[in-house]
Amino acid sequence: MERRRPPQTEEGWYVLHDFRSIDWDAWRDAPERRRSRAIDEGIEYLSGAERVDDAEAGDSATFAVLGHKADLLVLHLRPTLAEIDALERRFEQTALAEFTERADSYLSVTEVSGYMSEEFFDEESEVEDTGMKRYIESRLKPEIPDSEFVSFYPMDKRRGPEDNWYDLPFDERAEHLSSHGDIGRDYAGRVTQIISGSIGLDDFEWGVTLFADDPTDVKELLYEMRFDPSSSRFAEFGRFLSARRFPPEQLGAFLAG
Amino acid sequence: MERRRPPQTEEGWYVLHDFRSIDWDAWRDAPERRRSRAIDEGIEYLSGAERVDDAEAGDSATFAVLGHKADLLVLHLRPTLAEIDALERRFEQTALAEFTERADSYLSVTEVSGYMSEEFFDEESEVEDTGMKRYIESRLKPEIPDSEFVSFYPMDKRRGPEDNWYDLPFDERAEHLSSHGDIGRDYAGRVTQIISGSIGLDDFEWGVTLFADDPTDVKELLYEMRFDPSSSRFAEFGRFLSARRFPPEQLGAFLAG
Amino acid sequence: MERRRPPQTEEGWYVLHDFRSIDWDAWRDAPERRRSRAIDEGIEYLSGAERVDDAEAGDSATFAVLGHKADLLVLHLRPTLAEIDALERRFEQTALAEFTERADSYLSVTEVSGYMSEEFFDEESEVEDTGMKRYIESRLKPEIPDSEFVSFYPMDKRRGPEDNWYDLPFDERAEHLSSHGDIGRDYAGRVTQIISGSIGLDDFEWGVTLFADDPTDVKELLYEMRFDPSSSRFAEFGRFLSARRFPPEQLGAFLAG
Amino acid sequence: MERRRPPQTEEGWYVLHDFRSIDWDAWRDAPERRRSRAIDEGIEYLSGAERVDDAEAGDSATFAVLGHKADLLVLHLRPTLAEIDALERRFEQTALAEFTERADSYLSVTEVSGYMSEEFFDEESEVEDTGMKRYIESRLKPEIPDSEFVSFYPMDKRRGPEDNWYDLPFDERAEHLSSHGDIGRDYAGRVTQIISGSIGLDDFEWGVTLFADDPTDVKELLYEMRFDPSSSRFAEFGRFLSARRFPPEQLGAFLAG
Amino acid sequence: MERRRPPQTEEGWYVLHDFRSIDWDAWRDAPERRRSRAIDEGIEYLSGAERVDDAEAGDSATFAVLGHKADLLVLHLRPTLAEIDALERRFEQTALAEFTERADSYLSVTEVSGYMSEEFFDEESEVEDTGMKRYIESRLKPEIPDSEFVSFYPMDKRRGPEDNWYDLPFDERAEHLSSHGDIGRDYAGRVTQIISGSIGLDDFEWGVTLFADDPTDVKELLYEMRFDPSSSRFAEFGRFLSARRFPPEQLGAFLAG
């Protein structure tokens, strides 16, 4: 078995999915004064992060998580890992943090790969003026869409003795991903995705974050993709977390139930 | 390997299985006044949810869970995820929540698929007046049956190199499911099911909730199904949780042991 | 692949393995008065359960668990799940419960299957007067043996692409189980078993509870069985818990170390 | 597939690996008086166990565990499970226990099998006077060696569709183990092992405890064994825990960091 | 299947990856005096460890961990396990430890193997004066590089029925590793690695620690390696942890968020 040709990749912004659980017992027991301070400092932190006060570029968003795995998701995209690190630890200094515990997290970095556009990597100068370049920029430095619903999951490509993604020839992988992307394109306008790589950064190889106003669009997209060989034979999925976006100013309402 | 044809699906109500553990130490230690308040607010929340005071439609039910995995299951079905989200967080504001911790949960949405009735999807207008349409409605907007026993488990269809559900031709899958359904029909009147999809919503692909007055009917149904290729070759099961329904008004008796 | 013929089954009593950890720190710190009350109420609960004060029939027993997984095992067999549910929650109302936490549990129901005796199922009337009927009754409504040692583990039958129990013809399965049973019979008088089914009730398909005065008899029986295809090719084992029986009256001595 | 011939086994002493974590926060906060008492009672318990004050025979030893999985390992060998049970619970009554939590444990029993010496099992009388008998005794009733380093791990033999230990003919298994033992013999004087069986007692089939003064001798022995088919094709390993022996009298120094 | 020839190995320094979580709630609540003491004692411990005050040789470094798995990584390399053990427990005596809990850890030992240089092992005297000897020393007694980013993960070589590393002939394994090393060499100056063996010491067979100023260099290196058969067919990865180095004197700033 020979070594296969890896795709070239270019990385953009670091991505932290920061999942927190609310300590509802402490919240109910807290005096009004402490609650107010927690809400004020929480709004300040979250809206500051969404305004990207802490960095030259990036984006952040706040979500209410469904189910027992977490209550709050703060999603950060920033150009440097130092900024991600600072945001993560700065949260702990807010009065809101007193009422939260870390439930989960995922660290990754936006990427585009040579499967998508070999030209971009091979002859960068020639794509300078094309829409491709703008498209690639939008994937490396994505704006978090305004959608109500978000679904996050990490995933690996399978390396089994029979279905081994990393042992496929480059062209076969590129074809799989192109076919996979075709499905996604059918959902354009309804589902937006941020694909970020996490090899060496976190436990899986990629993180997938899907945004939609209607959660069933995400469900149908992923169901359809599951019948595509790129998923049916080669994908290994981790946990799935679902959440609903809310503006930081509604933190008080969120905590009021 | 080619891309297989996915079934069409239609989604109905969102489903939250909300499992809670009772903090029995805190409960025993609590003064009568706090207990009464917890019972009162608990009954108010649970019976309000069962009456669906919070939404235009839906259903809710309350169960005592067997074993160490949880003590209480509150099952909610609602037309929107926003309503599910609100119910989940509103629980935390009750005095009952002080005595509970989240033990588990599962988020899904009721679905019917084109395996069952391609006509429904292909020529919707023509099934307008048929019983099929009423049947489909009853699956998308199910009433929680009054049975004493409930069994819940999440499941996936297998994607192994040899037994790969997602690589079967559509007709083969449809045949498997039809044959699988035949077994279920033998238990009509004894076991009722709510099948809900959770791709992109939670860790497995489906949630299965079975209702029966006699738990051995559920056991025998599932045992029989396990010999059907659709289960024996293609099903991957998650955890199983068993519970017994009780009316919210009996919350005090439930907590009294 | 065709659907295989399932065995008929008959179910008897529900079985709860209720594993608890002692909070030894709280126990050491507790004043004598609270300890006495815990012991008194614990003995009352445990000996009441062993006398089956709460139901028309059934059996219960108390064990000290070896190792870190739990400290106490209370094993309950009862005709209805309602009685199991009541026993489980009534424990929480005792002063003993203040010093325990739930560590594990397993819910199942005693069963006999058509592999053992098709006649029993096919022509019930004709076995009315035979020893077979009495034998079957003893498996559906077993008395917990007086042995000192107990070993509990849950298990599944394998559904792999190559070794798939549920894809074997009925006769082959019956033969496997008959051969498997032969090994057990060699240990008659030394090892007694309660086999209970848990499909739809708990995470595995069966619970196995083995009783012996000499733990090495259990070890040798299971080792011998592991070389039988029914185990070597088709069994998937869960966790194993070992415990030693003690009479409820010795609860004080148990807690004294 | 036929049933394979199991080896005969003889069991000796029960073995408990009792892993505890120190609650360092409580330790640092405790007044000198409580610390002294914890150290005194700890030394009394540990040195009493090492002197085997509690039984007719056996051995015990105390170790400092490396890494986050535990801090303290107390290893007990005793002729009866009742003695193991008593030692385990007696620990909880010491003032040292106030500063510890159970982190892990493993229950097993020393064994020799017919792979090693069929003569021993088949014609016991004839080996009465030989060195084999003394060797077997030393494995059933082992003295814990004085080595500085210990490595413990549980393991199973594989039962996969292709590599199935339990489906190998007896002679092939015996040959594998004999070849495996040859590697061990090359390390005689540097690495000492206690092999104990745990089928029916704990989650894996065997516990392996390796003693050496130089940890790299254990590493090199196990690495070499991994290339032997008996490991490379047939072993499934659980967790590994590493620890360093210290005499009970140094408990104070151990706790002082 | 025959026994394969293992590589010779030589071991150098023991390696402890000591991951700790900060108890941010306790930190926020602590009076200034306790915080100052924690910072002072923390800096003293960490900078003493980095200066290797406690041993004749070795190295230590301090990192801020990204994500929820831990907050602090202290990496220690020391000639003896006794020194590692002492460092680990001495941390618990600092006032900083009051604000931390152990989140994870990994124990291993630096190694070079005969795959790399059979001459080194076979004819040690002849390589005395060569650069190879110096290179090997640098791997056995590595200096922790000054890079900003570190990625740690444990790994095994696969022992599946089809892809079984331990069943490959020596030369094939050596060739795989040589080819694998070639990829690494392309990243010389950008990514530095410490490979340490952990068979018999911890749960996996090796620990890999990669250092780089730019995290995307680690990501690209590992992605490229994943297409090499040595990874694609034979590697099983554990968890991945990412961290950023900081000098002990900045502990106060780290804790201030």
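Letters A, B, C, D and E name the chains as they come in the text, with residue numbers starting at 1 for each one.
Keep this in mind: a contact is a pair of C-beta atoms (placed from the backbone, for glycine too) under 8 Å apart; a residue touches a chain by one contact, two chains touch by 3 or more.
Note that this is a predicted model, so its numbers are computed, not measured.
For the pair chain B and chain C, the CA-based superposition corresponds to a rotation of 70 degrees in steps of 5. Note on chain placement: the centre of chain C and the centre of chain D lie 28 Å apart, centres being C-alpha means.
Here the spacing of chain C and chain E, counted between their Cα centres, is 46 Å. Shared contact sites, meaning residues of chain C that touch two or more other chains, fall at 161. Ring order of the chains (start chain A, then chain E) is A, E, D, C, B.
Against chain C, the residues of chain B that register as touching in their complex are 22, 24-25, 27-28, 64, 66-69, 71, 149, 151, 153, 160-163, 179, 210, 215-216, 218-224, 226-229, 231-233, 235, 239-240, 242, 244, 254, 256-257. On the side of chain D, the complex with chain C involves touching residues 1-6, 9, 11, 14, 16, 18-19, 81-82, 84-86, 88-93, 97-98, 102-107, 109, 159, 161, 164, 166-167, 197-203, 205.
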